[in-house]
Amino acid sequence: MATKKQARVDVKKTYKLFINGTFPRSESGRVFEVTAKNGDFIANPALASRKDLRDGVTAARAAQSGWSKATAFNRGQILYRIAEMLEGRAEQFESEIALTSQITALKAKSQVLDAIDRWVWYAGWSDKLQAVSGATNPVAGPFFNFSISEPQGVVAIAASANFIDFIDAIAAAVVSGNTTVVLVPGSLAVPAMSFAEVLATSDLPAGVINILTGSLDELAPWAASHMDIDGFDITGIDKKKRGALKEAGAENLKRIHAFNTGQSPTRILAFMESKTVWHSVGV
Amino acid sequence: MNFYGLIDGSEKSLVYFLNQLSGVDQVGAESRAAMLATRSIKTTSKKWAIETAISMVDLTTLEGADTPGKVRALCSKAVRPDPTDPTVPSVGAICVYNDMVEIARTHLDAIGGKHVPVAAVSTAFPSGRASMEVKIQDTQDAIDAGAAEIDMVIDRGAFLAGKYGLVFDEIVKIREVCGEKAHLKVIFETGELVTYDNVRKASYLAMLAGADFIKTSTGKVAPAATPPVVLVMLEAVRDFYTLTQRRIGVKPAGGIRTTKDAIKQLVLVNETAGPDWLTPQLFRIGASALLNDLLMQRMKMSDGYYASPNYVTID
Amino acid sequence: MTFEYAPAPESRAIVSIKPKYGHFINGSFVAGKKHFPTINPATEEVLSHIALGGASDVDKAVAAAQKAYTKTWSKLSGKERGKYLYRIARILQERAREFAVLETLDNGKPIRETRDIDIPLVAAHFFYHAGWADKLDYAGLGHSPQPYGVAGQIIPWNFPLLMLAWKIAPALATGNTVVLKPAETTSLTALLFAEVCQQAELPDGVVNIVTGDGSTGAAIVNHPGIHKIAFTGSTDVGKKIARAIASTDKKATLELGGKGANIVFDDAPVDEAVEGIVNGIFFNQGHVCCAGSRLILQESIADEVIEKLKVRMSKIRVGDPLDKNTDLGAINSKEQLVKIKELSAIGDAEGAQRWSPQCNLSDKGFWFAPTIFTGVTQAHRIAQEEIFGPVLSILTFRTPQEAIDKANNTPFGLSAGIWSEKGSRIFWASQHLKAGVIWANTFNKFDPASPFGGYKESGWGREGGKHGLAAYLKTGKETGAK
């Protein structure tokens, strides 16, 4: 008996958050809808809450010591591994970006390829930062004095909806040894969470990059006032709203920065802290 | 001997003791000494310091060209440093080679200087390169000739080679020769030990072995009694007192030529070991030219104008 | 007989203090409207009257600075700017003793420190930064980094002239002009510095000095003509400034408070460590943001170190700041003395054991004996709050990691000290301490070539060295970027 072959039903992906290397739903149970340019339903990603943010910070803090103490060579290899993983899934990202944002497929493709190249670029910085930002300081006395740059700790990122900027912000923060909680605006949710899958399958330790999708307006003020966040990249925040975040961040003198240009060591160094050590020199 | 109950006299116990001493940070020790050198000692305190320093001078001649005449002249100077002013105290001691001890002792006794002791450098001074028999004989000769103080040198070669037991045993033996008759000063030649860690180790080694005084230098090697070296030695005697309740004296020698240098030394004593050490029984300065500078500064203070070398006697 | 040091006062004849001062704006002194007295904290003698700058004075100063920036200073080559700074450095060296005496009179700190530390470092700062003026392309900030324009600078009373130098020297070297406000209680050396600017023939308006109190400082912070703020002072005020400029384009560097941990391991060079402890907390009466105000001692040597510390503290000479032998001078103000007394009383109340050597403190002036508290734990307020006085809190630890954990257990992150004779341990500890400046087997050392500044709530940015230049320059086009 011959039966007519039926069209296969797609298996759709459930989009969740990425916290401490796992993919939990929002504790709030909330989701939001992402649609394609033509209005077709794509997904119901998790709408992260302030408690998810809190959990992300906890995970990032726990991962901070290990990540910052990994050798620069090791961090560079892991960042390079992310590029490798991304390369293998380039087409997926191209189609997701093209599907959920307002840019053309051609542009989406170039963004993804650029993003891969960015990871390669940042990976190479891990063991060169000190050569560029450090110094030995010729003080007037019997002391060996040097300055090195260290990661600040936990850096929150309010990413803009642009995939390249999302990558720049994350890579610039983590290459030096910071751990991050990345707040992603809804329109970037689909490629951002696919990127989380890339991270999950690279060698990145859990908690180094935590990704929360949702509303920047809702989450950014909580990040700004969170006393266990050391730095905050607010490039994705509208200019008019930045002042309020900086004001809230003053409570622990958070280092809050927004960037015009993406690919720059300045962006890496902005979330590093210079440490100067004096040693007496004698016999 | 029980070595203050701190060690049993074996090299093993000595090395163990020396190795648990805390290190000395060169930069820190030198900056402390430099800071103390900024102390400004004026008016009444300067007058007191000058007179105290005079009473602490071990007036020294240690030349191949020393003659009885030279030594007698020095003795006269030692008893009455300023012949025009009897209120100036006699110096702490006369310091000579052992063949000059008898001449010095006899002359001092003859000119009313019975209270001025004679110190003899000993143990094949200044290099210390001789057999133990010779070193013992050297010391015995000096004591027999009337020396009340023995300034022995340690075997720096043995010290630098890590043979602490050898250095220790030599001091113990010389201490035995000195017996009750002579005070023992142990010279490290810090300019050859080089590091402050070595100076600290040598200080404890000598104190444990029975030294009455620890002394920086022979005067034949530079650098000699630099303020940080003296600082480290003063810390050692201070801490040794805490351990044993016995006060050991300190004698910087070599390179202290001016009143300013001498006052710096007294400030070091005052603020490191403490005022208890500000007595000729516990602090001496080995010097020759220093005495006249002290006398000139003293004249300036009493007369109100600057002195000239023509008004102080040469040796 | 004991060796008493006779009084050895430095002569104050070298300084001449006017009965009243105005502001220094656009190259000349202009009369103030209201004035307040400035006193010698060692005697409470009124030294002079200082103008209380208001909004209009700040306006004039900012306008002068903007004009000088636009018309002269930004047009001058780095080479020529540098020469002015060299001139200033040389004049400061020539007049060093005068500055030292004046600083001691106005601040209460010992002449030994103003003479041997503050003023030589001031001149060194100008000398160092003078050389940067024509080499900014090589500072690692990209090609041709640009100044911000007018910098508003607010400095504290603990190192009055030194903080002025830390602010003005890099600002001028990088091509900015400045409006500086000295601290309310210590304006005199800043006003004497204005004379140095005149002697150096610095173009009018490049340096403007407006004296006053917190309201004057606020007027500078909030002035729309200021492009960059540089502040050294309390963390509270630092946070206020951060809020005040949050919605502006103003850049800021903040050098704020600290509660520095001075860690002594059991293999430390003990005698030098004791010196370092003393220098860490009693230098400048403990009025030092990077003071080693928490001594963290390995428990196995705690008794020995504390005993030695007490012996050493009994040698500290407290008294007339102008006496060349004084180690600990006067507390800068009555207000600060009250704060030190209050926090020390809290230490007593929380059960820590207070000890001070015998000191004869004068009835006149503001004095506080060098003090240690033993039996302190992290839960004590005196282990958490900055006392900013000669008061040391002593804690103990058992393992190296515990020492680091305690040291880092504070919202501050300015300084820390490590005492150990073991090289690998020093590097390990200096890696793990969260502090901007770490001293290994030394403490409280400063140099214009050495960046200074804190982690966390101790501030933003660095001052000094190559890193300090970044605070005054807009980064040029990056090399290495696309």
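Letters A, B and C name the chains as they come in the text, with residue numbers starting at 1 for each one.
Note that in this section a contact is a pair of C-beta atoms (placed from the backbone, for glycine too) under 8 Å apart; a residue touches a chain by one contact, two chains touch by 3 or more.
Every value quoted in this text rests on a predicted model; they were computed, and no experiment measured them.
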One chain's C-alpha mean falls closest to the whole-protein C-alpha mean, and that chain is C
Set B-C beside A-C; more C-beta pairs touch across A-C
Farthest CA centroid from subunit A: chain B
Separation of the C-alpha centres, subunit A versus subunit B, in whole Å, is 70
Subunit B and subunit C have mean C-alpha positions lying a whole-number Å distance apart equal to 44
Chain centres from averaged Cα atoms put subunit A and subunit C apart, in whole Å, by 38
Two or more other chains are touched by the subunit C residues 441-442
Where subunit B touches two or more other chains simultaneously, the residues are 25, 27-28
In subunit A, the residues touching two or more other chains are 141, 143, 280
As the complex stands, subunit C meets subunit B at residues 1-8, 112, 116, 267-273, 275-276, 315, 324-325, 421, 441-442
Subunit C contacts subunit A in the complex at 124, 140, 235, 238-239, 242-243, 246-248, 254, 256, 411, 426, 430, 435-442, 445, 447, 449-453, 455-457, 459-460, 462, 465-467, 475, 478, 480-482
Touching subunit B in the complex, subunit A uses residues 141-143, 280-283
The answer for subunit A against subunit C in the complex is residues 132-133, 135, 137-141, 143, 145, 147, 152, 230, 242-247, 249-253, 255, 261, 263-266, 273-280
Subunit B residues touching subunit A in their complex are 25-28, 30, 194-195
